[in-house]
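You will see two complexes here that share subunit A, one where it goes with subunit B and one where it goes with subunit C.
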Partner chain A sequence: MGRYVFSRFAQALVVIIIVSIIVFLIMYLVPGDAVTVLAGPDPTPELVEALRVMLGLDQPLPVQYGKWAIAAMQGDLGTSPIIGRPVSELIWSRLPATLELAVAAILVASVFGILVGVVAAQRQGTWVDATITAINSFVLSVPNFWFGILGILCFAVWLGWLPSGGRKLWSDGPLLALSYLIMPAIALALDSIAMIARLVRASLLDELSRDYVTVARAKGVGQSRLMRRHIARNAAIPVLTVLGLRFGQMLGGAVLIEAVFNWPGLGRLTVEAIKNRDIVLVQGTLMYFIVIYMTVNLLIDLSYGLFDPRVRSSVGGKV
Partner chain B sequence: MTKLSFRLLPSLTAAAFVAAAGTALADNVLRLGQTATLPNLDPFVLAPAYEPMVNNVYDTLTRYDGNMSPEPRLAESWEFSDDGLTLTLKLREGVAFHSGKAFTSADVRASFDYVVNPDNGALIRGFAQRITALETPDDHAVVMTFEAPFPGVFDLFELFYIIDGESSGDFGQTANGTGPFTVASHEPGTLTRLDRNAGYWNGAPSLEAVEIVTAPNQQAALLSLRSGELDLVTELGWVDVLPFSRDGDFVTGSAPSGVAHDLSLNLKVPALQNPKVREAIDLALDRERIAKLFFGSDAKTWCLPYHPNSIAYFEEYDNCEFDLGKAKAALEASGESLPIELKILTSTEIRTEYTTIAEILQADLQPIGINLTIENVDAVGYRSTYVDRRDYEIASHAFGRAGKDPSALLETTVVFRPDGNITGYENPAYSEAVKAGGSTPVLEERRAAYREVARIFREDRFILPIIPRVRLFVSQDEVSSVGWSADGFAIFENAEISE
Partner chain C sequence: MPDGAHAAVLVADDLSVSFQTSSGLRHVVDGVSFAIAPGEQVAIVGESGSGKSVSTLATLGLLPPSARISAKKVELNGEPLLRAAEARLAELRGTEISMVFQNPMTSLNPTMTIGRQVSEAVAVHDPSVGRSALNTLAKRLLEEVGVPNPELRVTQFPHEFSGGMRQRAVIAMALAGEPGIIIADEPTTALDVTVQAQIVEVIRDLQELRNVATVVITHDLGLVAELAERVLVMYAGRIVEETPVADLFDRPAHPYTRALLQSRPSTRGRHGRLATIPGLPPASADAVPGCPFHPRCEYATDTCKTESPALTRFEPGRASACHRYRDVLNLEPRGATERPICAAPREPGDVVLKIDGLTKRFGAVRAINGIDLELRRGETLGLAGESGCGKSTLARLAVGLLRPTSGRVEVGGREISSLKGRALRDARSGIQMVFQDPTSSLDRRMTIRKIIAEPMEIAGFKAPQIETRISELIGAVGLAGHFLDCRPSELSGGQRQRVGIARALALDPKVLLLDEPTSALDVSVQAQVVNLLEDLRRESDAGHLFVTHDLGVLRHVSDRIAVMYLGRLVEIGRCEEVFASPRHPYTRALIASNPAEHPKYKSSEKFVATGSPPDPANIPSGCGFRLRCPLADDSCAADIPNLEPVSDTGHRVACHYRTDLNRLNALATRSCEITES
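Right after this comes the complex of A and B.
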């Protein structure tokens, strides 16, 4: 197990190095840099040159990258030249909002996705199944932010039940915090609900058609026990994989939902950094995304063992 | 749980949320929504995102009133020497920074030093360099010396924010100004909260606080205004404002923005070196249509880059017209082989109007023999292409400092300044006239110089002014007395929210 985890993190390190080089190159190739932003709309050539020297952008690209990489290895992700704050501080300041939204959205997606998927599978071929399938298709074909704007219009403008955007801390009052969280979480979760529901339905129907289910029924195993002990466990693995991937994506920031609901998450921070050519901040947030994504995937891989003993023995033994 | 309580559950939940949210709304805090991100609290960047912050956290020495006359702020009075080369300012006493430190002439000196230091990237640096010496004979007196009379000095003061000499340079997290509001918290890209400065020299503001909320999606911001989450949204288009103007719960209005749209023609491009081609583009530029589309039927068009009440405005040169027949004739007289292929640089990210202007021009130029390709890039890509590399042919652009003293406009903006002009335009007569207009306090001499500038503008057409921007805004009807500076920056010093 230890070797397995170690090898996965070694892979992550390689990915981080490769991606950081690629990002450095891409940011170098696109027109403009942080100086373009800092120098304002009417700069003189002297001002541009002075700022370039001050930020070290006059140095060759390998030197710039090398300096950043050495500092990053020592835990110093640098300071954003645009915002004027350490990158790690900026990431930490946005992380709680991103975590909160991602956890809430994945909980909503899991509960409703599985519930809807089970109902659709149990009512296969009926109007209920057809309706669920149609709604799922609609949800998957419409972008999340559209539902977000629709939600604001209904629940904030017309009904006045929920705030239209922003975030409140749980220390300000749980109900208040929840009122700000509920709409972005649902809007972010909607397509995941549809996707998970489809997957659950398909997995359950696949499992229900297997021979072992017929044998178990013939042996008198009850429907509830059969579903809980056998079918659900086998159907869970693909669902878990998708949930893990979606959760990783959500932790990476949901840019559009964050923009619509004015949610102060990491997605918006990263987009702003890219727009401002703030390469130090882009690299910093990117490191975070890679580490988070690979950690979540690793945890998902390890959790397979909870559902499938064959995986458990494989991971626990030689991998 | 009974059936009845299940039915009541949604209503009870909604009521609980409304009650919870209500605690956040019922206060004396003005919430302003803007799409642009405020990255730091530097008063000298002067990008749109900083506009609601600067005049509320910082003070200036003077500020223009509605008639463009300078009013005392941190400078209580001032006096020019007879030759116009020296300006003595008497500073207000009893003013304190938010930190509690007393404001003195040393802070004016420190602010000046900060602005002229090229490492700090202050936008007004070039303009401030007209001050050749700044002395502080005592704690409440400042003497400024100029190489030549500097009639635009109050334009400079309008943007010359006074920072604390002891903490200048770090604007990442906080700011220490003398303005009516102090920075309570600043989360870049999300929220900046400004609390009332109870010890403000001009009396404490009525508002308890101002929150500058970054709302990246404008439609969502307008919905937040409708739901009462925001109190004020600025920088809107006419189409956005129209539905609110019919709704009694909201107040719509406009303020000068100090910004005007233009087309910049790069004279390094062979086809654009031909004056007849530039004339054809000018004649094919439908200013009226653009003005009405963006700002409604009351909108103005500009052929010269000044307001009609400017000393540099001359009606006889405000003579542009939209005539595709004449445009075609000018193009045919140019001797260029048609069609001419040109590119126009735009950035929807900076302003959607940039691209709309490009599209209107593209449609009008195509029938007369100019095929215009639109290059739409992001904001930084635009500035890099336009300002840094000057790798453009035509650019849909907007310049600032419109509506102030012409010397500020003509000497500091990239589109007008004679040295290193962004279009590649070089003309000793133009340089001479711009310099002459900005170096004398004598009105007749200035008028004569600027008449020559106006003549050159219309003859050489390297910059084609289009329309002055108007800052359209919508607020809740409870909000009143929001002020606007000559540049259209919001001032909340006297703003109120009624019960």
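Right after this comes the complex of A and C.
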């Protein structure tokens, strides 16, 4: 197991290094940089040159990358020349909002996704199953933010039950904070619910058709024990994978949902950075996103062992 | 109502099952009645689709919801089952009746320990039994079915068990609730021959030691001979014959039973052509008016076409559903006199396939460990061995699909193991392969014409030439021309295998490599394909390398046989000689493990090799078989025995004890009886 963890960790590290080079380079391929913004319209060549030296843009690319990477490893992602504050501090300040939204959304998605999936599988072929499948397809084909706007219209504008946007801290009162959180969390979770419900249904039906299920029934295992003791664990793996991937994405910030609900998370920070051509900040948020995503992925891979004993014993040798 | 129903454990009366399919209602079981007495050993025998599994699954309520079941009565210990609530059925399952299924690789839950799965039948029915009591029970049961080191084994997961050990665990599981009846559905079919023999012993032990009724469902008449006192033969959803086991083999009372017996190749001597049953079983039990077997029956009269025969009792314990059962009973039994042994091996021709010092490794796995082999024109060399012995790897190396780690392969005098690209493609046309599964080895989107034409197109034949050759080939494999425009899904398994053979013959190869070509087929269809291959070889003069685990087929088709174990040949020689006097303990184990062909040969003293073949990634020193061999000593661990001649006819054996007949005969193989008879 130790060797497996190590090799997966090494793989993740290689990916992060490669992606960091791409992230670093890509910003130089995009026309326009921070200098263009800082120098204002019609700058003198001297001002441009001075700004370039100040930002270190006159040095060869590998040197720039090296400096940037070493600093990044120490948690120093540079200072945003536009906002004038360290990037890590900016990310840190937005992280609680993003984390709160992501955790809430993934909880909603897993609870409802699994519930709906189980119901659909148990009623396979009936009108319940057909209705669920139709609703799932609809939800998956409509973008999340549309539901967000619809939600604001219904619950904020017409009914006035919930605030239309913004965020309140839990220290301001849990109920108040929750009233701000609930709509963006559900809007963000909707397509995940649909996707997980589909997956749970397929996964359960797949397991139900296996020989070991007939064997278990033949020795007198009843329906509920069959589901709990035999099927759940086997059906969990694909569901777990998708849940993890979704959570990884949500931790990077939900750009559109945050925009619709005016949620002060990382998604909006990234959008603003791109709008301002704030290269340093864009690089920083992208790197944060990649590291988080890889970490979540790694954790999912390692958790397979908890569910499947074959993974536990085979990971010693081969990768 | 069958006799003794009053004291029966399991009774079914007029049981019918049909399934709702997209093409209408399909009748699978049609008015079946049986009664299993306490402690009785019953076998239900039939080919695939005969309804043998469905009728038993129906009694336990284990069929999918699409099944429609009707019966006058289904009772377990006098309790009606048909309209019982699911909860009541669950209570009965595992405690009063339990099942053993065919494939031990899939019938265990991969995420639960063996111990828990074994004791679960008790755990679900009696929640008061504590965890340690369950654990003790699991250990005791595993020990009873011969799983060594149960203390450790109960904590392991299914993937840590070999196939044979898993099937033992499945049997232990079925015993846990101490049921009065165990139904075993093809319990040995998915296992290797030597492991099969071990499982037969386990089942026989529980038949003797526990007062439990057993119902063995199988297509294998050998298993019937080994495990049953009373036999029900099923065809097209009906019981066509009911009989004590000895009479089944000596005086069958239904033409179908008789035909099944005759289409079986024998390991006890080589006869002429196998008898075949023409045609195919009907798709639905009600598809044929009159007797469902009449279109395939050589004794059918006009009455058979219109009147469906009832299962008629004509002697105590014997019944037949045939209008002419008296005539059938009086038919000559099959005997050696009727079918002369065709022994004389053909004149040896040129060497068409030469394998020299061949080895193949996949990382740490040593699949082939030095094989020398020659195949001559017009000869059939049978290659026997269990799964993992490297026989399929050898076949792939021979056709150039894999590159050897060392050694060479020559086809028609041309070395192919080092060729590349175009040269390899050209050379490959000299050696063609027929695969085990005719369904997955044919592209289902292509027509039969296209499938047979493809190798010729690649080889650059002209269109008119291809067209002529296709009609020759389709005739040669015994298919009508109209099949050419069909797709594989419209053909039966046997017909598909004929197409596979036609494709392989298209380029007139010097060597035909047959990788288990009959294993996926039913007995009666298997006989047709075996006969076809015999005819083809006589006509085409190609050399056949016939890979199979089925010793009956092997003995029937081979001039010479080679036995493989862990990537080496352990014995090779003329077929009759090897069967009459096998000199390697492994060969003896293989022959002895083959199920008896008649209950009178069933013996509890036969030599059953223990354990299963070692992992090819972790081969023991010296002789690969020594860990399973009762003769093994220090010299077997020290060096690897070479293939040494034991006669001047080319019989060679890789065993230090090849000439020590006293010790070899003490292993008690049944092959010794063959020499005398």
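In this text, the second predicted complex is superposed on the first by the 287 of 319 C-alpha atoms of A that agree within 3 Å, B and C clash if a C-alpha of one lies under 4 Å from a C-alpha of the other, contacts with A are read in each partner's own complex, and residues count from 1 in each chain.
As a working rule, contacts are C-beta pairs under 8 Å (C-beta built on N, C-alpha and C of every residue); 3 or more make two chains touch, one makes a residue touch a chain.
Bear in mind the structure is a predicted one, so any value in this text is a computation, not a measurement.
In the superposition on chain A, the chain among subunit B and subunit C reaching more residues of subunit A is B. Of the two partner chains placed around the shared chain by superposition, subunit B is the only one that A:Ser93 touches, whereas subunit C remains out of contact. After overlaying the two complexes on the shared chain, residue contacts for A:Arg225 are found with subunit C alone; subunit B is out of touch. Residue contacts after overlaying the shared chain place A:Lys168 against subunit B, while subunit C stays out of touching range.
By the touch criterion defined above, A:Asn234 reaches subunit C but does not reach subunit B. When the two structures are aligned on the shared chain, A:Gly40 is found in touch with subunit B, with no touch to subunit C. In the superposed model, A:Arg217 lies in contact with subunit C only, and not with subunit B.
Touch criterion not met for A:Arg8: it reaches neither subunit B nor subunit C. Using the contact criterion defined above for the overlaid structures, shared-chain residue A:Arg123 touches neither subunit B nor subunit C, since it reaches no partner.
Contacts of A:Leu159 after superposition: subunit B is touched, whereas subunit C is not reached.
The part of subunit C that touches subunit A in the complex is made up of residues 60, 62, 86-87, 90-95, 98-99, 101, 103, 106-112, 120-121, 124-125, 157, 159-160, 170, 173-174, 176-177.
The touching residues of subunit A, counted against subunit C in their complex, run 210-212, 214-223, 225, 229-230, 233-234, 307-310, 313. Every residue of subunit A that touches subunit B in the complex is listed here, in rising order: 30-33, 36-48, 50-51, 54, 80, 82-85, 90, 93, 145, 148-149, 152-153, 156-157, 159-166, 168, 172-173, 175-176, 178-179, 182, 259-262, 264, 268-269, 272, 275-277. On subunit B, the positions that touch subunit A within their shared complex are 14, 16-21, 23-24, 37, 39-40, 42, 45-47, 118-119, 121, 123, 125-126, 170-173, 187-191, 213-217, 219-221, 223-224, 226-229, 349, 377-381, 383-385, 387-389, 400, 412-414, 420.
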